Each structure stands twice: as C-alpha cells, then as structure tokens.
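Have a look at this one.
Here the chain labels run A, B and C in written order, and each chain numbers its own residues starting at 1.
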C-alpha cells in the first residue's frame, strides 16, 4: 500500500451523465448515500482538533489569504468602498509584499464595472453575486439578465443562488434548468452555485443539492449567501467536500468548494483547510478549487501571520479596516 | 366391579423437545414414596439424553424469545390453568413424594400454581422493570433491553418436588430462556406430571426439557456443556455445588446458587439469567 | 473504451508540523510505593519494577510489586475502613466525596492525559478527549446515586457487599479505575484496586487525588504489581467481591478460583465485535465508524469492531474507501496532538498481534498494510486490513486486540446476524443502515451486550456496558452498574 495508490482517483476523461428528465435527476439524487448527522458532525469536530503549528501554520495562512473572496455585499456599498476593498485585495499588507493577493473581490453586479476598472489587469478576479441575490426569488429571465449584465461588466466569476423554495418543494428539474441556463449565460465566467445550506437544513439535502448543481454545470458549489441565520459550518463543508470528491471520482470533473459566512478568524480558516486536506486532498488545496467568502477573515489572517513572525500578539490597527 | 383389578403402572419418561422418550440408554430406576414404598419406574437419563435436550432447548430458544412477551405470559398462564384442573393428581404425587399430609400437599400445590401465575405476569414486565432508557451525554437514543441468557440448565431442588421446581424452571423461561432440568432424583414424579401438562398447554417443544435420573451422574454433563449459558444449582450443595461451579466456569456460565435471602418476592433468580443489551442509535435530521 | 489514466489527489498532503504535548506536565515521581490505608508506602520497602513508555521504551518510573503480604495489608485496611468508617458514612456524604473526586480529575485533566499517554502509548487526543473526561463523568454520575440507592430498583435500603477486589486492564487505565471505583464507592463498598502491570501510573495519580479529596484512609487502596498480585487479591478470604476486566482466559481462571467461595463476581472479558454494514448505510460516516471501531486506541479495545461484515453488493467500494482511509491515519508519537494511532502497549502484545496477523496471511486472506513510517524505538504495528477473510480463519475468530480489521461479506440480513453471532464472545456489535426497522430487527437478534447503530465505540457513564456468553457477565455503567456492588 502507498499513499499514491489510494488518494482520490480522478479519471482523466470526463463522463458527466446527461440529465434528460426530472425523474432521472430525482433517481440520481435519491440514489446517493444518506448522511448520518451525528457521524458527520463528529468527524468535523474531530478534524477541528488538528493542531496547526509553526511552518505549517505560516504556509496555511498564506494559502488561506490566497483563497479569500474579499466580500462586500451591503446596501451601503459605494464605488469608494469598493476601491479600498480592491486595494486591500491586491496588497493585503502593503509593507510586506510576500503576502499574496486574495483570489477575488466579491461585489453586487452594479459595482462590477468599477471593481474591474480599479483592478485592471491585476491577478485578482472580480466575482459578483447574481440571480436575485440573496433570496433567489425572481423570474428566470430577470436572473439571466442579472448574470448577463454582471458578466458583460467584467465579472470573472458569478455566485448564483439556487431557488430553495423550488428545491424544498421537489421541483428539482426547475432548479437544475436554472443552474444550467445561468451556466450557459456565464460563458467564460466561472459559476459558483450557492446552495444556501442554512435553508436546506438537512445534510441529505446538502448532498443532493451539491450533486444537482454539479450535474447542471457548476464550477464551484458554495455554502451560503451570508445573509441568513445559519451560514457555513464545518460539517456542511465536509458533506460538500465529500460530494465534490465522489463527483470527481465518478465523472472525472473537478468542482471547487467555497465556504462563506461567519468565517471570521484564522482558527476557523485552519479548520476548513484541514477538512480540505483530509477529505479531498492536494488537488483542492488551491484558490482554483477552494475559497473563503469573507470580509473580516483577512485581517485576522494578517494579524496571525505577523504574530507568527514577530512572536508577539499584534494590534488590530496594524492593518487597514477595509 | 371387582376391586382386584390389576392396575396399569405408568413408567415416567423424559420430556425432550415436546416428546416423551425413554432414556436412550434404556435404563430406568425405581422411585419410592417418602415412606419407602414403590412408587414408579422412572426413566434414568443419560449424558446423551442431556445432549439431545440441550440441542432441543437451543433450537427452541430463538423462537420462544421471538414470540411476544404477551404470548409467553399466556402460555405460562395456560400451564397454571392445566395444573389447577389436575391439582388433585399433583397433590397426590407431592404428598407421596414429600411425605406430606394431603392437606399440606394441597397447600403446596396451591402455592406452586400461584407461582405459575406470578411468572405468567412477569413476561411482559421484565423489559420495563429491568430495562430502560439511558440519558447519555450526546445525540443518541440509548436504551437497555433485558434479554435471555439462552439455554439454562437447572439442577432441580431435591426436596421441593413441585414448588421449588416451578420457581427454578419458570424464572428463566419467563425471561425468554429455554430450560433443561434434571429433576429431583428421589422425588421426580410431580415435576414430570407438570412436564406432561406443558405439552398440552401451548408450550412450544423444547422450551422445557426434563431429564430424570441420578443427579451426581448427570449434573457434570450440564455444567460442562459449552452450549449451556447458565446453570441453577438449586439441587446440589456443598462440595458438589462447588465442583459444578468450577466446571461451569470453563465456559463462563452464569451460575445461580440459592441462598437464604431468596424469598418468594425477591427477583434474584429472575435476574440471574437475564442479560442487558444496550442499543445506541444516532439522533439527527 | 476511454483511456483510464488516473489523476490522484493525495490526501493529507498538507504536512502538519509536530505539535507535541509537553511531557513535563506529568510531574511524575521517579518511584512509587503502594497506596494503602490512605498513604503511600516507602518504595524501597518493596520489590520494584519499571514501567516503560511504549512509544520509545524509555523508563518512566519504577513501581512497587505488591506481595501477598501487601495485599493482605490492603484488604485489612479496606475491611477496617468498611467497618469503622465507610459503612457509617451516609449516602449523602459518600456522594459528596465522589463529586469532589470528579472535580479533582477535571482539574488535573491535562496532567492525567499526559501520564496516560506516556504510560499507555495511546494518542494524547484520545486520552485528552475520551479517557480523562469520561473518567470524571463516571464519578459525577455515580456520585448522584450514593444517596438514592433506595430508588435504584433493588428494593428499599440495599446493602453494599463489603470489600471489593478490582483488577483492571492496561487499555484504558484511569477510565477502568473509574468504572470500578465509582459504583463500588457509591454503593458503600471499600476497594482494593490492582492496576495493570504495564500501566500503573494514572491510578497512582488518582491515589493522590483521593488524598486531596480527603477520602477516609482505607476506603480505596491501590496495589500495583503483576499477575501474582492479582491472584493474591482474587484468592484473599477477606475479599467479598471480585470485579475483573481483562482477557477471557484470565476471567475463566478467576471464575474457577472464586467458584467455591462466597465471593461475588463480575467479569468484563474479551470480544470479537462484528460491525455489520448494509448497502444503504450512510457511507462516509460508516467508513469513519469502521475506522473508529478498530483503530481507536490501536484496537486495544475489548469491544473493538474487529470483524467487518459488509454486504456483498458494496464490498468492493467499502474496501477501497477503507484502504484509502487507513493510508490517511497518522501513526506515530502519541504525544503529538495530531496523532491518530499510537504505540502498541507492550512487547508481549505486539508479539501476539504479529503472530495472529502472520496466520492471516498464511490462511489466504488479502493483506493491506498502511505505508506509514513507524518509529524505530518502541512497540509499533501499522494499521492493517485483511480482506477475503472466512469465518473459519483464526483472524476472524480470535481476539487480536490490535489495529487489525478482518473483512467478511454477507448477502442477507439473516446471514449477517448468523455470522455476527458465530462466536463464543458477545460483547459489542455495530449495525449501519438508514433503514430503522431492519436495524432494530438485527439489533434484536445480535447476541451482544452493546449494539451501536450508525455509530461505534461510544461510552457513557449512564449506559450499561458488558458482555454475554464468554465476554463475561455483569454490567458497568448506568443503574445496572450498581447491581454489581449491592447485595441484592
């Protein structure tokens, strides 16, 4: 036996099953193994006890920074606010150029063009929430127009929300068709599908919604909008990581995972990285396939990074509040 | 009618798997009344009879335990009904076997029948009295169920030919065990009569198996039999009981030795052949 | 056909730097005497033996070998304490002593966890998160019973038995001491405890805790030593009750030795637990449960799920996932907080595991062994899975007591139950399925004292634990656990 022989085996050739009908989709999703809530939570809790120290911690902090989708999704957002966010995204710590840029800034569609212009050709993506974020309650036409405008304004990534009402009432075909249509409208832009797991409630639903989104063409599956009471949790992330792992092994297509909402400090981020490391492994330990949707997380990562270097705790005011 | 009619003598046979074989050894022995007069010829069981009896008990156990507690209660209560209707015959044998007056024998039979009723009522209480839910500190539904040990061997009381016998066999049977009993060596007939009644009172074959014979010869076979889960040493004392206990230890049997604290209302004997099986199940959406 | 090239994603590729717990937290003395009548004897007055750290074979401390005379003194102290003090102490007062002990275990939890890991070889994560908290919880639970025995279902005013001799194993040293002492003391008995030869230290720290709690002298006495010490305790005429946890072979001997005495006996012995996996099981949690069932505590668990019974329709998939998961287990320094599997407790146990696994290969089973790198010193055995195992193989019948899983298959629920029950043991089983009615059908038919459904290796002070058949008799934990220490 060796580790190389028993990793996550991903066939080179992609064979995603074509979904022809709602009945077929339902059969595919209900054939998935159930999730025992107690076991999933216990596993996530056990992995949360991993102790990440020293050089591992420094490397993991830099990796986490590079995975951040630096986010502002407030009614009060302005071009000025987005400008400072972009500056922060590009140079999280202007005094230390070894700090990597974050993966993306994430803004509402109307601010995409501004963000794009500020970032210019910098290696930071512009992501935008679309499809009647955060509730997802609009007609398909409105949602597609929302996506179209964001992409046209320069968004590299689209974070769409699924229609939880349709999913929970069993209209799986409708949810599938919406994701597929949005994917088509995205064109070159990457599609992240927000499941809003806090509203799906059960882990069985999370697993099925993950597969639905992946079958419909999602490039990423994402936990939450950050706008409901329950956001990303480690057991939910575990179930989604298991879904992308099994989907990759079954179909050869590799889908990313984004956790969002409520991830505020380095300790939380480390927990998620451990989950990735021990559930799906090396392939996913990159900003291309794992992201943190967060706003305040970045400063804590920077503080912990400096603390590791200085050997002393640092003031929050060491870093900009953006 | 002439009263010089030659009576038909009954040979008392073994009870194995609902049938009444003579001993496979072909032996029988003479049993006398308490005052020493000839009472009956009784089959003298052998090691092989015990082997057959244990096999019958083992085969019957899963089904007996698998029947509802309500049903087991009904079966035992039916035995009480049968015994009540044949109490005169039982009393006559208890009187002869134990040397009691007719009145005392009748009282003993009454008490024995009342014990049958007591055990009939236990079958569907055991789980509630000896089991229960356990409030573990976690998201688990956790409950403890009393389950039978399996096949229980009984070395029946040598003196109490019916009352003692009833307690000794019905305690394990009411808990879902099946029983192989070596009846009282010198006073076997009341228990054999009761055994006959079980066959006509809905007892499934193999639940109660009675082997009569010489205790000292038979008991070590049961004590050493590895497919016997527990043993009640009511009918042996002193060194003999110690030796049997040591033998039984080889297969980690549950060993019950009566003591003076056991009264009609204690549950020590009932608990002796009950295991506790605890089931955990996760609780989650 | 499309070309089947594989791109592997390596699990665990993010290396974790060592995160060792500090051994100095243990504050151990170089040598220990016996704990008799409330104080420690002078170590130099006894023959001494060393206790090793099985992870590196270094000596941790020397410990006294209790002689028959020492056992005699311990029993006499227990008898005296029983008659003069403990039997006159009210349930409410006994209760408060037990609460104190529970609190003190919590307060010294980190120290106890370190001692346990040094002496036993188990990962610090387990001693920290399982052994020590559960030991404290056990005292908390039974503390509350001491003044409520009238309500325990054994009639009014149930009496204690007297002096209890308690012999515990090396796999969960402190936890087993708690399982023995807490119900015994709550019921009003006094105790002589004999820790395992290779893991005496946490019990000696517990002795210090008993002193801190001001438990009256003689109520608990702790005699360290080897099998001869245990035998002296078993045979001692002044002991009213023996409680033993250990192997079935030793349990059998003990039952024989006390058979002709009036001593009461409870035995918690070996097992060969079947973990039954149906095709509708929650697969990810089931894989974790199987792993936890056999590799928790290096498989040094009497109730370990050492036989995996998997439905044939998913056998290949389960085996593939299991082997992958085994590769991920972090084997090594038990003091590292990220270690999943620690050291084998002793050279003797390692030899036994090696002997039985060699048989497994000889019998034709397919062996998968983790490629983990084992430390050079100490006693180590890489996590191992045997597939293609038959019911008749020794590795399917004998308790290995190590990190070795045997995989067998079945076709129907009935066959699963028949195979699970095809053993002289009967301690624990697991059932994995999303179908409740079938789970209960199976649970009803398994001959085992503990059945875990969609989980494995869970313990709780309120939940009775113990076996049927040759796994022993009597229960520890819960209301049922009191029965072993009451004259009822």
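We take it that a residue touches a chain if its C-beta (ideal position, glycine included) is under 8 Å from a C-beta of that chain, and two chains touch if they have at least 3 such contacts.
Because the structure is predicted, anything quoted here is derived from the model rather than measured.
Peer 1: Which pairing of chains accounts for the highest number of C-beta contacts?
Peer 2: Ranked by contacting C-beta pairs, first place goes to A-C.
Peer 1: Using only alpha carbons, which chain's centroid is the nearest to the whole structure's centroid?
Peer 2: That would be C.
Peer 1: Look at all chain centres (mean of CA atoms) and spot the one farthest from the centre of chain A.
Peer 2: Chain centre farthest from chain A's centre: B.
Peer 1: Find the geometric centre of each of chain A and chain B from their Cα atoms only, then give the gap between the two centres in Å, rounded to an integer.
Peer 2: 69
Peer 1: Go ahead and note the Å separation of the Cα centroids belonging to chain A and chain C.
Peer 2: 42
Peer 1: Just curious, how far off is chain C from chain B if you go by their C-alpha centres, in Å?
Peer 2: 37
Peer 1: Check each residue of chain A and list the ones that touch at least two other chains.
Peer 2: Expected reply: 36, 38-39.
Peer 1: Give me the residue numbers in chain C that touch at least two other chains, ranges are fine.
Peer 2: If we look for residues of chain C contacting two or more partner chains, we find 454-455.
Peer 1: Give me the residue numbers in chain B that touch at least two other chains, ranges are fine.
Peer 2: 138, 140, 282
Peer 1: Spell out the part of chain C that touches chain B in their complex, as residue ranges.
Peer 2: Within the complex, chain C touches chain B at residues 137, 153, 155, 248, 251-252, 255-256, 259-260, 267, 269, 424, 439-440, 443, 445-455, 458, 460, 462-466, 468-473, 475, 478-480, 483, 487-488.
Peer 1: For chain B, which residues count as touching chain A in their complex?
Peer 2: 138-140, 282-285
Peer 1: Help me check something: in the complex, which residues belonging to chain C touch chain A?
Peer 2: 2-19, 125, 129, 280-286, 288-289, 323-324, 326-328, 337-338, 368-371, 434, 454-455
Peer 1: Please give the residue numbers of chain A that touch chain C in the complex, ascending.
Peer 2: 1-13, 15, 33-36, 38-40, 42-43, 49-57, 59-60, 239, 242, 245, 248, 273-274, 277-285
Peer 1: Considering the complex alone, what residue numbers of chain A touch chain B?
Peer 2: 36-39, 41, 201-203
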